[in-house]
Amino acid sequence: MPGLMSCRTEFGPSQPFKGARITGSLHMTIQTAVLIETLTALGAEVRWCSCNIFSTQDHAAAAIARDSAAVFAWKGETLQEYWWCTERALDWGPGGGPDLIVDDGGDATLLIHEGVKAEEEFEKTGKVPDPTSTDNPEFQIVLSIIKEGLQVDPKKYHKMKDRLVGVSEETTTGVKRLYQMQANGTLLFPAINVNDSVTKSKFDNLYGCRHSLPDGLMRATDVMIAGKVAVVCGYGDVGKGCAAAMKQAGARVIVTEIDPICALQATMEGLQVRTLDDVVSEADIFVTTTGNKDIIMVSDMRKMKNNAIVCNIGHFDNEIDMLGLETYPGVKRITIKPQTDRWVFPETNTGIIILAEGRLMNLGCATGHPSFVMSCSFTNQVIAQLELWKEKSSGKYKKEVYVLPKHLDEKVAALHLEKLGAKLTKLTKDQADYISVPVEGPYKPAHYRY
Amino acid sequence: MPGLMSCRTEFGPSQPFKGARITGSLHMTIQTAVLIETLTALGAEVRWCSCNIFSTQDHAAAAIARDSAAVFAWKGETLQEYWWCTERALDWGPGGGPDLIVDDGGDATLLIHEGVKAEEEFEKTGKVPDPTSTDNPEFQIVLSIIKEGLQVDPKKYHKMKDRLVGVSEETTTGVKRLYQMQANGTLLFPAINVNDSVTKSKFDNLYGCRHSLPDGLMRATDVMIAGKVAVVCGYGDVGKGCAAAMKQAGARVIVTEIDPICALQATMEGLQVRTLDDVVSEADIFVTTTGNKDIIMVSDMRKMKNNAIVCNIGHFDNEIDMLGLETYPGVKRITIKPQTDRWVFPETNTGIIILAEGRLMNLGCATGHPSFVMSCSFTNQVIAQLELWKEKSSGKYKKEVYVLPKHLDEKVAALHLEKLGAKLTKLTKDQADYISVPVEGPYKPAHYRY
Amino acid sequence: MPGLMSCRTEFGPSQPFKGARITGSLHMTIQTAVLIETLTALGAEVRWCSCNIFSTQDHAAAAIARDSAAVFAWKGETLQEYWWCTERALDWGPGGGPDLIVDDGGDATLLIHEGVKAEEEFEKTGKVPDPTSTDNPEFQIVLSIIKEGLQVDPKKYHKMKDRLVGVSEETTTGVKRLYQMQANGTLLFPAINVNDSVTKSKFDNLYGCRHSLPDGLMRATDVMIAGKVAVVCGYGDVGKGCAAAMKQAGARVIVTEIDPICALQATMEGLQVRTLDDVVSEADIFVTTTGNKDIIMVSDMRKMKNNAIVCNIGHFDNEIDMLGLETYPGVKRITIKPQTDRWVFPETNTGIIILAEGRLMNLGCATGHPSFVMSCSFTNQVIAQLELWKEKSSGKYKKEVYVLPKHLDEKVAALHLEKLGAKLTKLTKDQADYISVPVEGPYKPAHYRY
Amino acid sequence: MPGLMSCRTEFGPSQPFKGARITGSLHMTIQTAVLIETLTALGAEVRWCSCNIFSTQDHAAAAIARDSAAVFAWKGETLQEYWWCTERALDWGPGGGPDLIVDDGGDATLLIHEGVKAEEEFEKTGKVPDPTSTDNPEFQIVLSIIKEGLQVDPKKYHKMKDRLVGVSEETTTGVKRLYQMQANGTLLFPAINVNDSVTKSKFDNLYGCRHSLPDGLMRATDVMIAGKVAVVCGYGDVGKGCAAAMKQAGARVIVTEIDPICALQATMEGLQVRTLDDVVSEADIFVTTTGNKDIIMVSDMRKMKNNAIVCNIGHFDNEIDMLGLETYPGVKRITIKPQTDRWVFPETNTGIIILAEGRLMNLGCATGHPSFVMSCSFTNQVIAQLELWKEKSSGKYKKEVYVLPKHLDEKVAALHLEKLGAKLTKLTKDQADYISVPVEGPYKPAHYRY
């Protein structure tokens, strides 16, 4: 992870995070361990939980717990345990919560926002959150945890909010939530959108998934990808990476899309763009990459071929209708191995293979993105955290969502190029003037799409 | 060109351009003919010149001149003739110039801006432009033309400026000039940056060049691309398309880049990133795509293999040091066929092949981008022109540079999807709410990179 | 054409073809000109005709006629003219015909065989060939020409046969005819099958077509290949090259096949394998590569989309039912430019685009295979001719079909590697013994498939 | 494994293997389990061992041992244990050995041939094999085992030989040995070369390795392949699959080759062809695919980058100089996890990563080829065994090496096509006659290369 190593060399001596408490909610893998160790090497105190119930690599969690930070994460948490871990990672004891949050998917941020909302309601009306007020089983758990907190300290989440300098968030889903809160005026602290750094969105999403989709498929099922028909739902950066990986491995790829621009990009790469309904009975592999919900429903699954593989590499497990599947009358679940289940429908006695229980298959069935890609993403996180902490008192960051300045984005790339033996050309002053950029960059306007 | 056809169907009946004078400065090809006929079908009067001395297809120019508009363009203009054509296309007689400009590269816009500057200087100081004040032979011609104009009417370009509602510009180079003028406060009228519509920048630049680079190479030289070493200078959208085309055709591709992010993208596609100097003597094909100048100098050319092919698909002919080559002592030019010259160095008696005299090889040696791609670009132009004309009195557009709103960009894509048999998935209201977008789009935030 | 140049250097001084008369029937292009000049540089006398009515490049024919050999070929021959040319190229005057034939498609070989057959019949029964005895218009012409010959000299073709040392043939079609004649016991002289040298079949057919299919399509139609649906009929070496080219250019490719092994190869590359009937109305581009007849019938063409492109790169124009099209009641042919015709059906007023009148589109619409590929093929021809001539009296070659020995095949490859900067690894004696091959090759068993 | 399932359906009822004893020496994986069960379902008795010390999947071995056959195989055998297992699988007790052998690499065949040789020597001279007569540690073990056998029964291997009807062999290495024995006149029983069925050599070697090389790399090291430099030693079918996989995953691929034809193929795909020595210090991943020995020596490894990955997917572990590495003075082996070792050189303290101890990495680090590919290979094995057994008394097969007839090869392909949704076109009688093949195939001449 060359970017993180360079951060340690460059910033370690000056201990810029001295005095900072950082809470992270991010897949507790060996790559994340290197991130945590980088944060502590720069002076921070750290508490950590995972942002996915299956993604923790227990040996990584154990090593960090032993050497570097308090860790609340293990592979195969229940939802109840998951949210308990999140709350634990945020609770730094009497002095309130963390100074900074490293977030992935926004669950840590969500818990504080929901907590503050509940405390305000309680202060105004005396009402405590009612878990039975929602049908969503996960949100029921969130409300229960907040309710318990309220009973101990009715200002618990207010204290957290007051101390917080800011959050850096690295997923499309989490960032979307932040922009919504900014739009609604409910965002409680500054946020840096790390997801939309080029060296994150175009690397983690695109190249990371191009690597880890086939990795997860092969580890979970040993399926020969060549010759198969693969449906990729969504053709954003994640979908582009997935479709490229399946095509290169010799599959015939069909894309589903809502956005005409992305759909046109798919056709220009020779991919067929159809609706799921058109192709559901002829495909062998289904991958959801949308970041939306209800993409593959149980009614779709029933029409699939026997032993069709269904998996999600988008974000939440609600891309696939797991609830519909689990509650389908008479359905039988046969666990082939952990994270690889065959679900058999009673009418036809045929079944489909669900990976990672509908959650992120690259984390559940393989080891997530490779270190090189994560080094790009995490170097963005470190640089964002440094920026937030440095400007904690300057007022530079309001309760809004910001992207990293382009020269920092280019810096992240440069830190990773050397390792690959690439050699950059240097602009002359004359050339730089001709295209009106500084010799040392940044080289592109903000709207440039790469 | 399905987008243009749809525009005629949708807007033709209401004649929205009734009363509008449009001057275009854009390669006078058969695709452009369809654009011009679309503008006139929507009610406009049109005068046209080409934006490249070699790109005119004479049969297209003739057909337009006969049926639709005044055309000042032929294949193989001298520079003198080129600027004369530009001036002619802008001069609508006594009432001033055009209401709208369709620009490609910004030469029409430049001429007005330089004209106004000279007129101001003349008004203040009585000084007329002095062509000998510059070493640049092309700019000498521009100054001569302005000088002549000044002698006839010292307010000629002021009148043009005053009448102008705005310009829509479709190239990276032209847009860069516009943003510079905006930054300097010298922009004289509103401008819509059509280049940075996704359906332009990601289609024309990327897919267009992926098509037309090999097309131009094959028509000009019949070279077997497989097995060769191709150096692509620059890995922006044009460079990405070129590198993809060369790789797919079986060449080994080496990229040169100044921007670490683009360089890292190249390595992730398995391309070697080196400096030109490292590889100049081992490659067979060199392609410049940078939009900058002085990329391949005569000192580089002298180190190349015998019969190395050198061409430019970026923008101006100064990407390749044509001046250095032409003035190299003892160099011999052997024209193999029009637009394909072998230049032989006296010391070694070996030579290199220069395509299209260093100008855009896809236009000079082939027929430019295919109609489908140009339909995307030109539909953006039509929509931008409609927007400028509709808002001519509303004050919506100041003397600044604007991009098209995303829903219009998505519309351009949608108009082209059907023709390819693609079928879009529709969001449910519930899903749209879940990701906070309208059911009918736009679907992505402004900063989304595709 | 590095292989041919090396042949001249290696064999020129010893003039191995001294005294040999060579007749060639092979596309009269600039590459063939280099072949002819190589044969004459090695001492041969040469007479030449083309093997395709459209493939002659007139400037190449003229240059050869002026400097090197008697040439009977021009672009756009009628069928009558075509067979007249073939007969002329075979007729060396009183002493009989050629010593050696360089054949492409087997028409020169066919004419002699048919001639001999007719002469035998005439000798036995006094019957002369009756052109009206066949429905095939081309074969009618062949019979007419033989009939005329018979009237002048009833032993004309016998004399040719008696003098002939052998033929080298380079196409699948021609080779198939030779093996049939060998099987029937009717082959009149030895034949070397150059087509099945690896450096021919895997290079000319595969890499050559991968290059020249898109070249022909782009020159003839300027069509954007990306986003289109292309049907490739046949997935042999030619089909593999065509499918790869279309896929790489961004088309969605559908393959039709009769052979389950080739079909399985197609699926392993992610291509869809369907029957023509299944997809005829959804595709944009149709390419025949089978070497068989009646692949795309006029009944298929009528079901195609408006402006679907139909072309043949297999061998004869009967892959496409041109006769059915030409005789379709009320059909209209609109020539867009030479070799690019739009045929409009009267019922629907929609039309399809036929390239090169159904003949080889890469020769008709572009300039055929690039020189590098042809250098591989033609070096095989020269080496085969040398072998036949050297062994003319040794009895080594019977009236059978032979392939070139593998070490000569490897030699052809080696002659072309250097030019591409490739560097071979050398076996140690110990390694060579370990795998039981000579250090200097040949390295593979005869059945090896590459 | 559709081919095997079809065999059961087609042949199961008639029990064609009734009375046949089959010994297999072939990786004891779950796919092989399906093969064994197919053989027993057709009536055979079966004994089995693995042909690689690491490739056994213990759960597969256990299941077979329980239900179907005697199995002598476990993951991580010593060489001593390996040959003990081979001998056990061949020893069917008093009545001699097996009737048929299914071989992979030829070790079962080798043991019998060496046994017979030793018995003959013993009969003539009374000399028993002397393990110390060879430096090769593995061959020392072979000799020990034969020596022990000799002491129990001096005709043990003669009895085996006498009973044997034939062997079917599926690897390049094993087949090479068979052809050598045929050439030397020492082959003791008929052999069918299954390796050179198209549906084996072009599927297992090419598509299988294209799948399982990245699978093994990712499981063993989680390395990001994109952006790395991969050296593939050898560009036969295995090398072609490996190079394609690495290129597609975004690596830059360099090939080493001895054969000019294969080298030229590599360049035509845009791959650089260099010697190992030229690139040893710049690459990240090294893969041997040659089937030869001494490809990467310890002297090469010392020049590699820190943490370069070195692995073998060719055949024997002597492609990589494991002996040189193990005996390098001061070298340290650090086992990261089973089959993934870091070897650190004392001088530099840098190390390289060796996968699967230099043995087949796809079997050692992943699960070998996917079932679909193995189904092709194993269906060939079953069909070959059926043919040998059917013709056991007919004298059709001499003590020579045979390939399967092409119509059986096509049959294997057809059995797998359906599963992929492919639809074959059918020849008309007229078309079949035109190209002189039967309507139902076989469609290609014996020398066709696919």
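Structural remarks
Which chain is which? They are A, B, C and D, in the order written, and residues in each are numbered from 1.
The criterion applied here is as follows: a contact is a pair of C-beta atoms (placed from the backbone, for glycine too) under 8 Å apart; a residue touches a chain by one contact, two chains touch by 3 or more.
Computed from a prediction, not measured in an experiment: that's the story for all the values here.
Path length between chain B and chain D in the touching-chain graph (shortest route): 1. Centroid distances from chain A, each centroid being the mean of CA atoms, peak for C.
Judged by contacting C-beta pairs, the busier of the interfaces A-D and A-B is A-B.
With centres defined as mean CA coordinates, chain B is found 39 Å away from chain A. Spacing of chain A relative to chain C, judged by their CA centroids, is 57 angstrom. Note: centroid distance chain A to chain D, computed from Cα atoms, is 42 Å. Residue positions 207, 226-227, 250, 264, 267-268, 272, 420 of chain C each touch two or more of the other chains. Listed in rising order, the residues of chain D touching chain B in the complex are 226-227, 247, 250-253, 264, 267-272. By the touch rule above, chain B contacts chain A in their complex via residues 176, 179-180, 196, 198-199, 201-203, 207, 237, 256-268, 272-276, 278, 291-294, 403, 409-411, 413-414, 416-417, 420, 422-428, 430-431, 434-436, 441, 443-447, 449-450.
Here chain B touches chain C in the complex through residues 207, 210-211, 214-215, 218-219, 222-229, 248-250, 282, 366-367, 370-373, 420-421, going by the rule given at the top.
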